[in-house]
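Heads up, the thing below is written out as structure tokens.
The letters A, B, C and D name the chains in turn, as written, and every chain counts its residues from 1.
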Amino acid sequence: MNERIPVGVLGATGMVGQEFVSFLRDHPWFDLTWLGASDRSAGKRYREATTWRLGGAIPAYVADIVVSECKPGDGVPKLLFSAMDAGVATDIERAMAGAGHTVVSNSRNHRMEDDVPLLVPEINPDHLRLVREQRRKRGWSGQIVTNPNCSTIVMVMALAPLKQFGIRKIIVTTMQAISGAGYPGVASMDINANVIPYIGMEEEKMQSETQKILGDFATTKIQPLAAAVSASCNRVPVVDGHTMAVSVELEKKATEAEILGAILGFRGIPQQKGLPSAPPCPVIYMEEPDRPQPRRDVERENGMAVFVGRLRKCPVLDYKFIAMGHNTVRGAAGAAVLNAELMQAEGLL
Amino acid sequence: MNERIPVGVLGATGMVGQEFVSFLRDHPWFDLTWLGASDRSAGKRYREATTWRLGGAIPAYVADIVVSECKPGDGVPKLLFSAMDAGVATDIERAMAGAGHTVVSNSRNHRMEDDVPLLVPEINPDHLRLVREQRRKRGWSGQIVTNPNCSTIVMVMALAPLKQFGIRKIIVTTMQAISGAGYPGVASMDINANVIPYIGMEEEKMQSETQKILGDFATTKIQPLAAAVSASCNRVPVVDGHTMAVSVELEKKATEAEILGAILGFRGIPQQKGLPSAPPCPVIYMEEPDRPQPRRDVERENGMAVFVGRLRKCPVLDYKFIAMGHNTVRGAAGAAVLNAELMQAEGLL
Amino acid sequence: MNERIPVGVLGATGMVGQEFVSFLRDHPWFDLTWLGASDRSAGKRYREATTWRLGGAIPAYVADIVVSECKPGDGVPKLLFSAMDAGVATDIERAMAGAGHTVVSNSRNHRMEDDVPLLVPEINPDHLRLVREQRRKRGWSGQIVTNPNCSTIVMVMALAPLKQFGIRKIIVTTMQAISGAGYPGVASMDINANVIPYIGMEEEKMQSETQKILGDFATTKIQPLAAAVSASCNRVPVVDGHTMAVSVELEKKATEAEILGAILGFRGIPQQKGLPSAPPCPVIYMEEPDRPQPRRDVERENGMAVFVGRLRKCPVLDYKFIAMGHNTVRGAAGAAVLNAELMQAEGLL
Amino acid sequence: MNERIPVGVLGATGMVGQEFVSFLRDHPWFDLTWLGASDRSAGKRYREATTWRLGGAIPAYVADIVVSECKPGDGVPKLLFSAMDAGVATDIERAMAGAGHTVVSNSRNHRMEDDVPLLVPEINPDHLRLVREQRRKRGWSGQIVTNPNCSTIVMVMALAPLKQFGIRKIIVTTMQAISGAGYPGVASMDINANVIPYIGMEEEKMQSETQKILGDFATTKIQPLAAAVSASCNRVPVVDGHTMAVSVELEKKATEAEILGAILGFRGIPQQKGLPSAPPCPVIYMEEPDRPQPRRDVERENGMAVFVGRLRKCPVLDYKFIAMGHNTVRGAAGAAVLNAELMQAEGLL
């Protein structure tokens, strides 16, 4: 690829938008040249429109880009990443897709629609075929593709290697990082030295999204995985990295060695094709008895792998283990960029 | 009761020992007059032998007591609370029981022995009948009674109201406070802004202790509850208060209203007899969607109640909920003192 | 005193308002019977109008009081504590004072006005004489009395015993708790495992308020203390308790023993008169080399004392030490209540 | 430079040793091939001898090196970095220097000796001339060079640009990260949601080391800077990065613009020579009102720059500002490696 593809970010000044800006720096295929935000920010330089919340300084490569309004028009790149708040994402994403743009969205708004792929490139690349139906039904020249919620993706990455054994039941308890709530997000008075045993709508998302992601493409729609999923979602005082304890019941008897072998051997299309943001090994098993840990492991593999540890028998279901992944990278910006890379590799951009 | 009963603490200078010292201040029945510790401390005043780790200053009422060695002898009170490390507890507790002392122990050493009650006064006061067998078999004039591990007790208190429906399966994930590991305990480099998904032997304790506590006394021994228990134990950066997400499967169909009614109506002997350390309501249900929380709720009810919230259907087992309790009060010193109060009320001291 | 005096709280639903509600529970002199808040809350029961942010449950004694609007009228008690946001406090407090109410305010709005006492009962009870001038000039039948900012008061309490030696220069660096910023206050993404070396307008307040509080009443106004004050204010991830390192230069030579003696012997009118909220000893010196510490010491003395430790020579100025106090008790609600107690004892209500 | 220089680390299994291992990975000049530790570890592979405490996994390039004892002998590289505990460093470092090794030490043992450079390459490269005297007096064929304590270096880097104005008085209050105490270091029960206003011997080190580092080389010894230094050292719950509030009095009048210009223009020999670990700009001034912050800024510039912000007038001394730097990189391993780079560039290895 000689020339990089120009791309834009919808909702570029918010926290997820900043994560896209950070993740796309020096991307070998995509050249971030367009930043969309609300009316309030439009017309200002990015450095003026944005209070940079991530570590370090605002990246120089975008600092002087003049922010645009989020509507179709001249100069808007064909490929758009959406980091918009759920409150405004539906209309703008649809308008953009209708106007011929490919919207690779991190927003939750379209995830559960029948004709929208909820894509994890290592797991369900064939779900991209939904797009044909999406265009047909909606009369769009563009398309919308989504990635999962930040807690869902950590779990489904860890579970994907076990799909071959037939996943029947899942019980998961999460311990989620504060960055998952955006900015200002969780008040320090609520979470300092505390646990908040509730995250609005998170348990529902983990349940329904998991069934869709691990489901099978059948002609024009996804047949959800017929597995019962029970989630308890908690916030803990960790900056980045969602940790979760997962118990799973399988249809086929499998030894612990077979389970471990499936995890260790798990690779997907992104690894085969060497997509730029793909980790060499998407699920990394840690042998230490007390790992993975969010603060110590979350930055490894550029935040794109999911870490699993403590695989052992579950006295109630079959097996249990710990999974941990970077909620704002693999769980947001990085997930969307990998989706776009897959689409590019598949000739779908 | 006109005269208070003199009592002692074995292992008084350690962190659990300090919790006993703190909890027994102004106790209406028990008068803490004797403090036992290692050779290194014996002979010093308590204030000199101890680096006080709890909040505030060392309590004045014990500050000038001269620390004794932990062995039977003149002046050792008949009733002893044991806060000893597991490494030394076995021999000393046995020697004391053999010499006629009642040892009410927080140590794990004797908990799972067949003839030792693992006592929770609201749940299994009849397990005290094991003591007869204990004395007979061991030829002791004294006795040993134990309380559960700090994470076990929070869960069993929350589950006890459901025992009537037949508990078949339990899956629990804990988020445990650092005070549960004593002092110096968990290194700040390990837990600051982090989760440690492992606590040595904690999962095994939660599994076996739960079955014993919720089991039935049968002639001379306990018939453990025939329920499968699966625990995943995690450390989180919280000072006091173990929080846990529990899913449970029951034998009898029960509506959510019946479950909630059982929790709300749960009372035990300590409440009926008005034992001094008994909370009026041992299990408190919180209606708020994001409660209980350790930092905000752990100090309520003098640390002696367990708080439950978020009762709801579990898509895999039957019901799930959050439980939280004070690990160093109801989970340690307070539990032992309540055990001794029950024994006193039952004429067993 | 046979009958308790009815009192009200302006801004009762906010975080400082909740602290008043919490602090006034079981007050021997004052009976909290009236709660004022914004239009949005007026007419609702307090339990419905308020999301309780403090530990435990909303106090039962106020839960069913119907919230009123913050304006003069029938049934508004003569004595009002003000917990209002600075944005609205000026007009409402003046209206109330004009209508004959005594407004004992924690808001910053009137603190630095020439005719308003910035009162710390142990330090400058004579500043109450400003009220005569205030009433005369403003034509009010009521009055406004204020307490200092939460970081100022910790420092001035620690410095007050040294005033006798002539305070010439003060350099202070604070490490302030998150509760000082109210709710939602500091975002957890900003403060988790972090230090924020800036608190808006805090350094200016510490400088000017200190000079006024430690100044002398002269006929009709306060002659500010002619001391240079330099403050660096930082936020740290602590829940309650502002800690600060203070260096001070004195006019008169004083030995370390004289300084310590002055601290140990410091008492004020509240102690002499035994005001209900007065700590027996307002400034407590801790001998341990690593104390005071906010998490371990902040709850002592009902949050009303200031703790000092590590008194030692300063190689640049004369002496340096650590001070720590409860920012939402002695630094807010408790300070105001003690002010009202002093006024009651002096016959000024 | 075609061939890399073989180097070793004394005390390689401890936390500072791990930081050297981590920092030297892919170093362009130095090839870490030898790891020394205690008898207990000697003979084992590094991966077996070490519990890796830093983020991520143990670096592969050293994992299989067999650990040696810390004594002179065949195969010990000429250049040794010392990460040894103070308890054992004196004798071993001297033995190595006596046997012809260059010991570039992070230990405190030799820092304040008259003939040992306390080196900061940007500030006092001429102090290396002390080595001649050191060798002569001690009869060593090797040499010992040291770097400052982790809090000292952050302050002196920030102050070095002001040396030209004559530094007369310094008052500093630190807020230091837990990683500065090594492993296990600070107990979580002590620091979680807390401030510890004391770090043993830290204030003394900041005072004496600062005077030596900013002092002048005069014939055969260092003439310490004649400035009064007053430090108050505190531990806060931050993982990496020491933050400090500094007030300074200068001999020459200087405008704020002159001070700022001096900071912005500050460069040293490492920058001129382009030493591999030298940050392009050793002191970075941040314009934002609430920066630098440890969690957000500590990883910038590979941890080798010091960040300064909030420069403003001090009402007591002349100016005050905030400084922050990475205590385990610029304050330990990185400092020592930069020292060795300077020595290599000067032909002193």
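Keep in mind that, in the parts below, a residue touches a chain if its C-beta (ideal position, glycine included) is under 8 Å from a C-beta of that chain, and two chains touch if they have at least 3 such contacts.
Predicted, not measured: the structure shown is a model, and the values here were computed from it.
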Just to be sure I understand: going only through chains that touch, what's the smallest number of steps from chain B to chain C? 1
Write down the chain pair with more C-beta contact pairs when A-D is set against A-C. A-C
Kindly point out which of A-D, B-D or A-B repeats the B-C interface, defined as over half of the contact pairs being the same residue numbers. A-D
Relative to chain A, chain with the most remote C-alpha centre: C
Separation of the C-alpha centres, chain A versus chain C, in whole Å, is 48
Taking each chain's centre as the mean of its CA atoms, chain C sits from chain D at a distance in Å of 42
Separation of chain A from chain D, taking each centre as the mean of its C-alpha atoms, in whole Å: 40
Residues of chain B that touch at least two other chains are 192-193, 237-239, 295-296
For the chain C and chain B complex, residues of the former touching the latter: 54-57, 192-193, 239, 295-297, 299-300
Complex contact set, residues of chain C against chain D: 169-171, 173, 175, 192-198, 207, 228-230, 232, 234, 236-239, 243, 245, 247, 289-296, 309-310, 314-317, 320, 322, 324
Using the touch rule from the top, collect the residues of chain D that touch chain B in their complex. 15, 53, 178-179, 183-193, 237-239
